[in-house]
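Take a look at the structure set out below.
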């Protein structure tokens, strides 16, 4: 369990970066780190003996999984702050983080089986982390379904509640899935390893890749929030104009 | 190099998905900014009238 | 507890997303006074009454009823309120008696049975007491809703379009009831867009248009023409 | 946050106003339900249908059905509770009577507790009626392990009704109520379903209560966590 917390704490450092960078600078830094990450993955990182080249999916797969978890954690925090402070800014963060979280979640659910197929021989094994990702995907798609319409404070409040409940449910789902999975036979070859058994070179590539993904996440968050805010401002403007025409 | 296609598929999917999402976002953003500018101009015109 | 001002509103604003329903309402109402709020549809009358009845929270401004702040001390304000809305708040599958019994128990009334029969007599529904509310006509349901409103001896009555859907008989009965309650120094706020009815009951009148109170003054008695000129002057 | 702390204190003391209001709400719900018996019949028929359809789907192999029995029962239960929640939601919003109740409520969590207990009772009656039928169809002797079974079912149903009532209230206020409720309720209640199915399955195989203790602990923690969370969050659901 401590592995998760260390990563989460490391990831916490990123919000401060988000605040001090302006948009263009942020975009350039993100592109550079992403290119560096890719070069590292394909040129520098040694190919794993057992799994061969297909192990390289690991870098993008696990870093997008961590970004997804961070996104849903951010949704939970933003929802709590929105319910408490009732300020729209937190609500836009929750909505944008949720949407980007679902995008990353879909990526994880696609690359997971793609990686599992050559190693385990099956597209899908009810592995705790994969099942948990699937359930999270269901919960947060419901979250987005709840937010489809235009800006309505009541709906935003319901979605905030679901955001909190969804995240509080994660450890419970993980525990129950883990208990449930012990009844199923373990996968044949290698259990989908976390970061254990990584050589130092791989670890470095993975970290760079993680940094690149987080920068990407914050860039997308910034974009998505400006879309929400400008759409909101648009409505207010349109309303004022109608007001003036009528008045 | 036997599972190369899985690797290629995974990375191409990730890349296309992220790029499509980013492009759609920035397009929507630009569109909204333009509309916002027009509406603000319209508001000015009404106020000055 | 019977402070001088029963209802005090200052700068009350209410947004629904981007639409602003109330744009800064300032209102003060003496204890035992009957205020009639007139205004076109969509002027925010219902929103104002919902905020007063603690069913909706104001986006800004202070609302105080009987000295209590509506947002912070909601629990203390609610037992003092009698709210009559477009919908009757009643359960179709229960009889009139059971509906009033439920609300009586919720408010923790003593001698519930006597109070229910007393209230049913006031709205002339005693004979139908043990019939399902579903079988009631629209007018009877509205009268039962009025009975529910006054069941727990409220200090402040909030009536939202009380005359809608009432037949002739029910209107006069409601009229007597309001006069009777008014005599018992019970403060009443009534909102309607029907200029003719309600004018003679109110001590004070206010005209609300597009989220703001544009006129506030003493009632003109039964002089409807004068009121109509005043109304069209302000609302246009 | 101070507002919510007083609802806890009230809860702990069980002051008579709070208890009185919960009982009044519960009495009203049960009286309406007793008069029309709509909710119960729809839930019961739906549960039986799910069990029968699963029987056809799985086929006549008795050994296979014994293993799947507990899963089928719990699936029938959660979908029946979704149906029941939708029906109570509609009954509540017919004449906007929810607003009337909110006006009379001293503390809004009383409404949540009353609705949860009502939902729990509906589920209880449905289980009491469907379990014998399942016993016959799946050729399982439930009487052998009745004591342990009651504990497992009580905890499981409590979890389902807590989460169900919370999302029932949320779905009540959204427009696409029929779609939203199952989509919100089922994913979040997955821990309860998994743990309850495993616990019942092992009980059917003759295990003792001690063997399934950790499943029950899981459901117990789920119930406690979501009960407290629901009490805190409930004010924001009903508030305009």
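Here the chain labels run A, B, C and D in written order, and each chain numbers its own residues starting at 1.
By our rule, contacts are C-beta pairs under 8 Å (C-beta built on N, C-alpha and C of every residue); 3 or more make two chains touch, one makes a residue touch a chain.
In this text, all values refer to a predicted model and were calculated from it rather than measured experimentally.
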Chain closest to the middle [Cα centroid of all protein chains]: D
Between A-C and A-B, the pair with more C-beta contacts: A-B
Between subunit A and subunit B, centroid-to-centroid distance (C-alpha), Å: 19
Geometric centre distance via CA averages, subunit C-subunit A, whole Å: 50
Interchain centroid distance [CA atoms averaged], subunit C/subunit D, Å: 38
Cα-centroid distance, subunit B relative to subunit D, in whole angstrom: 44
Multi-partner residues of subunit B (at least 2 other chains): none
Subunit D: positions in contact with at least two other chains: 239-240
Inter-chain touch pairs (all): A-B, A-C, A-D, C-D
Subunit A contact footprint on subunit D (complex, rising order): 1, 166, 170, 173-174, 176, 179-180, 183-184, 186-188, 190-191, 194-195, 198, 214-215, 218, 221-222, 225-226, 229, 233, 236-237, 239-240
Subunit C-touching residues of subunit A, taken from the complex the two chains share: 150-153, 232, 235-236, 239
Subunit C-touching residues of subunit D, taken from the complex the two chains share: 17, 20-21, 23-25, 27-28, 31-32, 35-36, 91, 94-97, 99-107, 239-240
Subunit B contact footprint on subunit A (complex, rising order): 52-54, 56-57, 60-61, 64, 103, 106-107, 110-111, 114-115, 117-118, 216, 220, 223-224, 226-227, 230-231, 233-234, 237-238, 240-241, 244-245
Residues of subunit B defined as touching subunit A within the complex: 1-4, 6-7, 9-11, 13-14, 17-18, 21-22, 25-26, 28-29, 32-33, 35-36, 39-40, 42-43, 46-47
